[in-house]
Structures are given as structure tokens and as C-alpha cells.
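Shared chain: subunit A. Partners: subunit B in the first complex, subunit C in the second.
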Partner chain A sequence: MIDRPLLVRGPRLGRRAFAAGAVALAGAGTARAQAMLPLKIGVLLPKTGVQAFFGQSCQRGADIAPALLPELGYQARFELMNADTETNVDTARARAEKLINDGAHVLVGPFDSGAAGAIAQVAEQRGVPFVINIAAAPQITEQGYKFVFRNFPTSGMLVTNGFSLMKDMFAATGAMPKTAVFMHVNDTFGQANRAAIERLFPSFNMPFRILDTIAYDPAARDLSVEVAKAKATQAELLMVVARLNDAILLVREMVKQRWEPMGIVSPGSPGMYEEQFFTSLGKYSEFIVSNVPWYNPRSEVANLLAQAFKKQFPNDRMIGHIFNVGFTFEAVLGAVDAYQRARSTDGKALAEALRATRIEKHVMVGGPIAFDAKGQNIAIGSAALQNRNGEPRVVLPATAAEATPVFPIPGWTKRG
Partner chain B sequence: MTDWAGRMAGDAPPRALPLLAALLAALLVLPAIVDSYVLSIAILVLYFAYVGQAWNIMMGFAGQLSLGHSLYVGLGAYASAVLFVHHGVAPWIGAFAAIGAAIAAAAIIGALAFRFGIAGVYFALLTIAFAEFTRIGFDHFPWIGGSGGLFLPVARHGESEFWMLRGPPVMFYYVILSMAAMAFAMCRLLMVGRIGYYWRALREDEDAARALGIDIFRYKMLAILISSAMTAPAGVFFAFYYNTLFPEQIFSMLRSIELILGPIIGGLGTLFGPILGAFVLTVLAEVLNEVLAALGWEIPGARQVFYGLCLLVVVMYLPEGIWPALARRLGLERRR
Partner chain C sequence: MPLDLVLNVAIGGVLTGLVYGLMALGLSVIFGVVRIVNFAHGEMMTVAMYAAVMAFAHWQLDPFAVLLPVAAGLFLFGYGLQTSLINPFITRPEHSQFMLLVAIAIVTVNGLLMAFGPNARTVLVPYALDSIELGPLLVDKVRLYAAGTALAIAAGLFAFFRYARLGAAIRAAADNHTGALVVGLNVKRLYAATFGLGSACVGAAGCLMAVLIDVTPTLGPVYTLLAFVIVIVGGLGSMMGALVGGVLIGLSEALAGLVLVPSAKSMVTFALLILVLLLRPQGLFGRRA
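And then the complex of A and B:
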């Protein structure tokens, strides 16, 4: 549904040197920007249905923008017009039409490739720019659209980044596993990852061979057979694509069977950096590595975002939302940045400005926010998160690292 | 032709035909007077009216509860989309493959169920099972995109937009309007024909129908085959209107439920029930959204709650659905 717009008026001076710099960059355009009409940003997210948690989490990223962007030097006025896609492609398309009818100048969202595909067509037909926050299907930016921009890695980029980080970790620690076993949850997500890994692995010249690939049921209550099979390969590295519950089961079983490979690494899956993973496994959750898109803890914007999040949502831990919040905030940031440069709410002018985007200082790991000719940001990176002291800590890339990677990891019995 | 028209008019009340003509005229001029948002809602209403009409043949006419009709939508969508993406086959041709795929699946389900006496909730479970394992199968079939989805190329320059269904929403509106009108006419013909009477006989009392000499297996098979063949083009429409297909979405149980809510609320076994149900659920849910937005309330899930309330009210107070009661009030009951 569409709620009342939230209007951000007038400038608030930024704080500290970063904000001052950004204000200076915005420079002479400020006075004119204030005179412009507010940019209406239609935010489409699945706030009900099976993706409700993620949609609501993303919404926090958009909700923070009105307070934070002026602090970052963005003086342009903007309104958020929120809509619920209900985790449904039909609804996503209808909501997009509705938002544009109600005056949205740019669309942001929608945390789902199917919905993104449907909204993209509406955006293209109506000449309204659409900035995708989260949706990994590569085809979305392969359609020749002129008004669609994506600030999120494609599924191929995710696996590619994951493999690169593995290599970086081996180089940084000087430890090279010669063999690996790949275990994955046998569902849509696990199968998609397996396919991408099988496709990309041969071209990556990794230092290890994959001895075996073991799939397991996502609803499994016992992984003793699978873990025994993996252990029997005597692989030095365990690559795993898991969800939360099976990841917990898997590690418990490894401890029980005293299987201690050099490391446990996910080339790009959730589960092993989530809060419940830490609370369920305690010291056994430590040192496991997940290579995923993540916020850059060394980024000043990310730190300001963290402060704003804490202020606006004091009962939530940002670490549990950072992925969704970070990318959604960046999508709104991209739209407002384009508006400030375009000085117009016209769709074509905004699309041209988006095409010329180059935002150096932002939240997530990777290069500047910029879009190629297809509208894809190809500079988005992943971070290697290693579980340390009950929290996921960025250990790579070095430019974003909070700690140095530990590899090989300590055995189960050597953890105090 | 006269005989055909006579059968169509049949026992319809005198007021019905002018009203139907007026409704059709209004629908024909609708794109000229509404904006693109209302048009997109109208497309949704007509889409659900169409698939509701197709499902109504199974449940409303023949009394066979199918909870897996998303199977035929999905098969239709994938068959036509795959032919288009991999071989450049136009959807109008692909629709025949879509119908063929749906009929083949329906023939297997029907033969299994009706030959071995699987009925009632067990038949419903069987239809769910087929939709589910088809979904899982499609998830692991890379040639059609697997779980990563199948994306139809949106631009096909140099070819007729209509022939390739690559046009604007107005074109899709007239396509789905034609489909809904044809489905209505076909259901009317089926309803007033011998087959319609046989279906209703076996719906009311299978044993009595058998005792009267009706070949139960044959007419149940005809119901599932016709219903699936009618549902498949809805999948073709879905594929080319949305241009993205994900097994998890198109074969899902939720989609099956979504398809059947219209006829249940509108009136099972009636011709206008699926249309009215689709209108009530889609349009009133949008109006509800508008009212809430005007009040400044953001209530996630309001639409789902509204659907639940509609179902509750209909089950409690209008067990035949909205249309029979409305028809009585409007004097549109069938002549006896």
C-alpha cells in the first residue's frame, strides 16, 4: 500500500570533514536545488508474503535516507512513497503503475528478480528510472533497457567475487589447501550456487581440486552420513553453501566427528554469519568464513548509516539488517544524487544523470557507485567475513578489513 | 449459426443480453478513458476472470476440486516462452504447444485419478502433488532457466508487435479481454449443452449419474482436459505480459489458491461468478489500499486480510457465492 509521503525540507549542515567536503561538492547547485520540486521516490518492497522480513528490513534503509542524506551534503528535497509488492509479481507491476500515476519520478526496489523484471517493463514503458536495490538475475540488465539501473551484483558476480576472495585469503595467510569438498543444501538456492560454481571453477585456476560434491536435504535433521562422507575424502577445505539451520547442524556434526579441515568457507551464502549461528554454536561458530556483499566498516558513510540506524531503530541490531539496509540506502542515495545533478524530475534527464553517476563515498564494499551502458554497477565487491568473538568481521579485502584473516583455523579442541 | 446463437441465448433472461452487451461495450472503450494504472488493474481482473472461468469447469460444473491449476498455467507459460526464447516461435503458435503440454499433464492426472477412483480431497492432493513435483523438476532444468528463472527478451525489433506479443499494455488488455470473452462464450455453450448437464449430474450425485447411464470416467476426463486446455493460454499470456518466469512463483500453491478464490467468492458453477469474484477481489482490494493510503495508514497484509474476510463473509452468508444472490436482486435469474 502507499503511505503518505515523507517530505525532507531544507538543508542541514553536514558534520565533520566528510560532510563538509560533500557540501562543498554539492556547491553552487544547492540554492537552485532547494528551489526545485521534491523528487518523489517510489519504494517498492515485499513487506508481506514470504519475503516480508527482507522487505521490511530493506524499508529501514529507505527510511534512514531522509535524515542521513542531508547530513551527507545532499540538499535536494525528496519524498518517499512506499508500496508493498506482497512478494507477488502481479502486485509489483500494479504497484509500480500506481506509484508512477501518483507522481513518482523514480522507482527503487524490489528485493526480488521476478518483481524487478515486472517493474522494469513498467519503468521502461513510462520513461521513469528504476534503481534496483537487490535482485541478482543477470538478465534484468541484458534487456537493453534505458531506464533500469542496478546497484547489486549479478549471481555470476557473487560467485566470482567469492572465489577471488578465497584466493586473496590463501595469499594473505600463505596457506594453500590442495583439496576441497563442496557441500550444499539441495534447494533452489543451493542448486543455483552449485551450477555457478561448476561453471566458473575451471576458469579460476584455484589452488585446490574439488574431490566431491555432496548435496543434502534442506529439512535434514541429521547430517552425520553426509559429514562422514565429506570427512572420508580427507579434503583440506570445506566449501559450503548453506542456510542457517543446516549450517548449525553441519558444524555440530563436524565437531562430533572431530573433522578439522584447514577451513570452512562459503563462496557466497547466508547462514553462517547470522546471529542465531553464533548463539547456537558459541565457540564453534568462530573462524568460519563467508564471502558475501557487505558494508565497508571503514567507510565514513557506512559509519554514519550505522549511527542513524541505531538512532532510528534502537531495538534492532544493524548487523542483522546491514545487507538489506545498505543496498536500499545506496539505491535511494543514487536516485537523489542523480536528481541533484539533473536538477530536473524529468525521466530522461534523471536517467542521463544516473548513467553519469559516480559516487565515491558510499556504504557497501566495492568501487564507486557507477553504472555501465547496460545500467549495471560492475564495481560491487564482496567481503570475506570471518566469525570472530561472536560477530562477523571483515577480513578481506584489505581496504575494508577490520581484522586479519586466520587460516588455517584452530581445531575444535583448541578453542578454550 | 442461428442454432449456435439460439443455444447461446438459451434460457437467459431478457435483461441479460442487453446488460452483457453494455458490459462488453464498456470494456471495449475502457482503455480510452482510463489511465495506465487502472488499465493494469483491469488486465488483472480479466486475467483472473479467465482462469477462474477455466477452473470453474472442473469444480463448478463437474465438481472435481483441483488445487493445482497453477500446473497448467506454468506449463503453458513455459512451453510458449521456451519456444519463443530458443526458437523464435510466436506465442500464437506456441499457444498450441502450451495447450498440448497442459492436456498431456491433465490426461495423466485424470487417468490416474478417475480410473482408480481417487476423488474428493485425495484428488485435490494429487493435483497439488503434480504441481509441486513439476515445480521441483523445473527448478533443476537449466535449459529453461532452472531456479534462476526464464527471462523473455522484451524487444523484438522488426517484427510485428502483435504477432510476437511485444506491445504496450493496451494490446495486452485487448488480448485478455478477447480471451475472457471467448472463455465466457465457451463456458456458456458447455453449460447449456449435453455435456454441461452431464457434468452437473455427476457433480450432484455421481452414483445417480452413473445409474442414469452417464460415462463418469469419460465426462470427468473431458472436464479436466477442457479445463487444462483453457488454462494453458492464461500461462502464455502471463509469460508474455510479465516476461519473467520462476518455477517457484508460477507453479506455487499460492498461485493455485489465487486462481480459485474468484470463482468461489463470485459463485461456483455460474458464468458470471468468476468475473464478479475477480472484480471484487482485485478492485475492492485496490480501493481498500487507496482508502488506507488516504488515511495515512500503512498496514502490511491488509489485502490478505481483506481476502480472508471476503471468503469468511461469503461462506457464512452467501454459500452459493455473490452472483446468485445478486442475480436474484437484478432479476437476472435463468428462465425455467
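And then the complex of A and C:
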């Protein structure tokens, strides 16, 4: 659940009113949709391996959909066919093939850029639409694919939003670091973000220079060398593009090596706002900033999603899963919405319907869910989250802020 | 590059390498006597790591405090495994032995996945994030304790094989299988004791690793491979070779990360392996066949 009251301003939209509206939008197709065969949605996620936490977190978003979508007015029947990519690109490709062979009409997933690239090839070859929940490597939607749709920002969008928010944070706090070191995972996602940072950094006129860029293995079990190297640069700011386990290792090693830069900021990556990050690091997880797409606390759908999450997963805090749950739920929502309009499980018909998608009311910040000619949703925004009191709080943009940013951050030994 | 940075990284590499060495020591002991490569070695270490993690989670027991019981448990497990499953395979072709141990490894990984789930688990002892400052050097406290313990256990094992009657009997069985049978030694029991000792080593190494890294069920294969690389570099069957090989791999990984790029650490490990195989196929401390 989301453990603090959600901000809902302006006229409240009741669940029934929302459902009625959505049903009206769906139009006469609803009655026919009820009679149609169920849409088989193949959900591909890394439920084991290095990214297991993310995969299992995302799965919750898919699992909520069968109960919540009818409440939102979607009457089309659908079934989830779940598959584990095992955090392995080759396995992701094989599982996608198997899901299609087993009758999947549309694929959803897979959290990871490398896996997304592999699944996109399969989807394109087999003519089965693929709705990406989370994967930022820009090349995925630059291949001219006709069956690939991404409801997630590209690395360029992430970094652009991330840099803007960093500048806003420096302006808001009046503290300007002069130097930075950039550390990143060297998987497809990390490399794509690095390329975006190198391309966009000169045009952003940031107040700091990047002294060194240090890549590391996402499955690293020890980051002592990497942190020693970064510390030796004496940079005032640490920019990180991480996953989860590596982010935890990184902070632990910083504490051990007594490295206390002015701040730790992600210009757009997961890891440092996840539930496991807080439980593993306790007070050392505090004050770290992640500039990422986030749920919209003013969205009625986000509220309904929170209620459904609480009902279905009473032992979990939704705030620790909202990024993964929100985007995965939206991906399933996109597929079902397209099916309801297409009234067919045919791949081409579904792809055409997806291309015409326009979902005004959804979970994450940004404009309506819609895809451009390349299959990319270009209307997704970011927020600056700072870890405060054991949970990520929006500190920027000011219009959505739940707390004021703290920068420079307190040293490791000054945290009680 | 500042000297203190190089020294800090090198010390960290040596300390980690000593723990690697203890882990590989178990593999080397088993191969040196039983002539079987334990392809479930890393998985057994993972089991020990989970035992340490659980002891800490449920009873707040420090992994160093549970090291002996965990090692004893692994000894019994190894002894039982050798007696019940591996002994019948001793005279079978090597590929049969390989398949048996790989099957044990797969069963172990999946059993751990079912029991503990895929998420990483950690042991955060109160001093986990402490460091000892020695002038410009900053030595990781848990790494130092783990390395010291690994060294002490290795010394104990050396002494056992040199001075204890059982150790001498195991060496005799390893040197001359037929001769050992002729003088009335129960070789099957000795093999079981050896597998138990090797397993105890990896059990102890698992407790030490638990304070250094997070544990996941799928950690095993990586460490089986690492242990295998270490014993090949050090010399298959050589105890000293395993320890030195561990230090060498730990040090080379750390320095490669510093001098080259951190993501090339594993590449350097395997480059070292290729180099040793080319220049000294029997390993640094191995005997020529």
C-alpha cells in the first residue's frame, strides 16, 4: 500500500463514475468484447537472477490487472501467461517464442533493455504486439518495428529530465558541486544511459565537470575497487546509473571507505528507491536522490491501484514497488485497451489499435498514454525523489513536491 | 595513480583472496585424495552462507560464531554424500561423476530457490561497515577478520594432514590407493572423511563469505567456477597451491579493476588461467603428471 495519504486535488472522480466513463469510451464494442475469446497476454519478467526483485515487483502490477481493469470499465476478457526471463537475454528470447507458440496474442514486459531488444525481434518476426513496461535503451524503438510499443522513457528522455531536475535541485538549495564522478552498470541499460549522458551533458551547461566514468558489472559481488577509484577522484558529486544489488553494495562500500560526497544522484535509474534498498541500508539509504518517472499521486487510477495493491498484497508497502507496479499495470492496461477497441486477437489488428491508443487516465506522471510512429510514448515525465524517513518522497518539481530537497547531504556518521 | 590507493586496493584483494583460497582449498583436498572434482562446490558454499544468514536473522548469531557448527554440519553432509552417492561412482567414467555432481548442484540451487526465494540476503553485523585506519590505509574490518580466520583454518588443515594419524592415513590413500588397501586402511571411509573435510572447508568459507557479500541461490555456479580456476592456477590437489592461487586471483582481480577497467576483472582472472595453462599446465604448485 501507499502508507501516506495520497494527494487528490480538484474534483474527485468516483470509481463508478470513472468506470462509467471508460465504458462509454469503449462504446458499443464492450458488449461484443464480452463475447470474444480472452486475450492471452504473455508477461515476461526477470523473476529469478540478479533482477529478481524487480521482476517479482513488476509481476504484482500484472497480477492486479484482472481485478482492477473491470473496475475501470474494461470488460474485455484476458488471461495472463507468466514467464521468467531469469535475467538472461537468451532466456527472454526463448520464453517469448514459447509464449507465442503457446498462444499469447500480445507480450508485455520485460523490465530490462537487453531482454526487451531480444523479445522485440521475436515479436516483430512473429507479428505479435509487444508492449514494453520498463526498458530505456533508445534503439529498441529506433529499428522501424511495427509491433513494438514502449510506455517508458528512452535513456535520452530519462537523462534530459534527470539533468533538468538536478539543475533545479542545485538552484533550490543554492549548493553547486564543481566536480562529479559517474558510475554505471555496464549492461544495455547502463550503456544506453552513459551514451545519453555523454551526448547531452555538453548542452546542459551543468555546474560540474565529470572527472571520471566508471563502469561495473551489474552482477558484481564487490565494488570496493570501483568505489576506491571513484573516491580517489575527490569528486563532490556521485552520479549513479545502477540496478538494486549493486546500488546497495555501492553505498555500503562508500560507508566503509568513508567517502562522503555532497550528494548521490541518479539521473534516471532504478535501485535506490526500492523497498529492498531501504531495508538493506537503513539510515544509509537516506537523502539519496533518484530522478525517475514516478506515479502521479493525483491520479484517480493510481488511487484505485493503491487500494487494489493493499487488498492483494497486504504485507507489502506499495511505495516500495510503485515504479515497477505502475508501469507494468499500464502495459497490461494498454494491451487490454487495444484489444477492446480492436475486437480481435489478430496481431495486426492489435498493433493498429495500440498505435491509436490514447488513455487519458492512468497511473504514472505525464500526458496520456499514446505512441508515436515509432511506438514510443514521448509524454512521460520524471520527478526528483529523495529518500526520507525510509521512503522516497517527491522533492521536485515544486508543483508535486512532498518535501524540500536536502543538499549537500549529511555525512554517514551524522545520521544518528 | 596515488600509492595509497594502490595499496588499499591491493590489501583488499589479498584479504578477499585468502577467503577464496580457503574455499578452493576444500575443492583441492577433495580432488587431491578422492580424484573427483566437486562441481557442486560453490552450491555447498551457498548452503553454508544461507545457514549463516539464517542464524543471524533468527538468533542474531555472528557468522564467525556459527562457523564451527556450520563447518561441522557441512562435514557431515559431505561425509554422507560421499558414502551414499559418490562412492559408487568412484570407478565409473569421469563424465558420470561430472553429471552426478552437476545434478547435485542443480538440485541444491533449486532447493535454495524454493526455500529462500531469489532475493539477495545479507548479514549486517554491527561492525559490517567499519574500517581500520592505518595511516593512509583504510582496511575493511570484516574482510580483515575473514582473511585472518581463513588463514587460521588453512593452517589447521595443513597441520592436520601433516601431524594427525587420520591426516597421514588420508595422504597415504591419496598417494597409493592399492598400498592403502593392502595395509588395511578403510579407503572408502577415508574418502568420506576427506570429502567431509573439503566440505567443512567450504562451509567455513561460506560463513566468512556471508559477511563479505550478499547471498542468492544462484551464487553457487560462479564460485564453483572460481574455485576451479583457483585450483588449476595453484595446481590441482595442492593445498598450498589453492591458498596461493586464491590470493593471486583476489589480488589480480583487484588490481585489474584499478589499473584497467573494473568491469574487466573477470577477464583478467581467465587471462591468468590461460597463461598458467600455457606456461605451467600443472599449475604453480602442482606436480607434473
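Going forward, the second predicted complex is superposed on the first by the 242 of 416 C-alpha atoms of A that agree within 3 Å, B and C clash if a C-alpha of one lies under 4 Å from a C-alpha of the other, contacts with A are read in each partner's own complex, and residues count from 1 in each chain.
The criterion applied here is as follows: contacts are C-beta pairs under 8 Å (C-beta built on N, C-alpha and C of every residue); 3 or more make two chains touch, one makes a residue touch a chain.
Bear in mind that the values here come from a model prediction, so they are computed numbers and not experimental data.
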Q. Between subunit B and subunit C, which makes contact with more of the residues in subunit A?
A. B
Q. In the superposed arrangement, does A:Ser155 touch subunit B (first), subunit C (second), both or neither?
A. first
(Q) Tell me the contact category for A:Asp217 with respect to subunit B and subunit C: first, second, both or neither. (A) second
(Q) Contacts for A:Asn315 in the overlay, against subunit B (first) and subunit C (second): which applies, first, second, both or neither? (A) neither
Q.
On the A-aligned overlay, A:Thr413 touches which partner chain: subunit B = first, subunit C = second, or both, or neither?
A. neither
Q) Which partner does A:Gln121 contact after superposing on A: first (subunit B), second (subunit C), both, neither? A) first
Q.
Contacts for A:Asn389 in the overlay, against subunit B (first) and subunit C (second): which applies, first, second, both or neither?
A. neither
Q. Touching A:Ile248 in the superposition: subunit B (first), subunit C (second), both, neither?
A. second
**Q.** First (subunit B), second (subunit C), both or neither touched by A:Glu226
**A.** second
Q: Quick one: classify A:Lys47 as touching subunit B (first), subunit C (second), both or neither.
A: both
**Q.** Where subunit A meets both subunit C and subunit B, residue numbers
**A.** 47-48, 52, 56
Q) Once bound in the complex, which stretches of subunit B touch subunit A? A) 35-37, 40-41, 44, 139-140, 142, 146-149, 151, 153-155, 168-169, 242-244, 246, 248-249, 286, 289, 292-293, 296-304
Q.
Looking at the complex, which residues from subunit C come into contact with subunit A?
A. 1-2, 5, 8-9, 12-13, 16, 113, 117-120, 122, 124, 128-131, 138, 140, 212-214, 216, 218-219, 222, 253-254, 257-258, 261-263, 265-266
Q. Okay, in this complex, where on subunit A does subunit B touch?
A. 1-4, 47-48, 52, 56, 82, 84, 86, 89-91, 93-94, 97-98, 100-101, 113-114, 117-118, 121-122, 124-126, 137, 139-140, 142-145, 155, 188-189, 191-192, 195
**Q.** Residues of subunit A defined as touching subunit C within the complex
**A.** 47-50, 52-53, 56, 186, 214-217, 220-226, 228-229, 232, 245, 248-249, 252, 255-258, 276, 280, 284
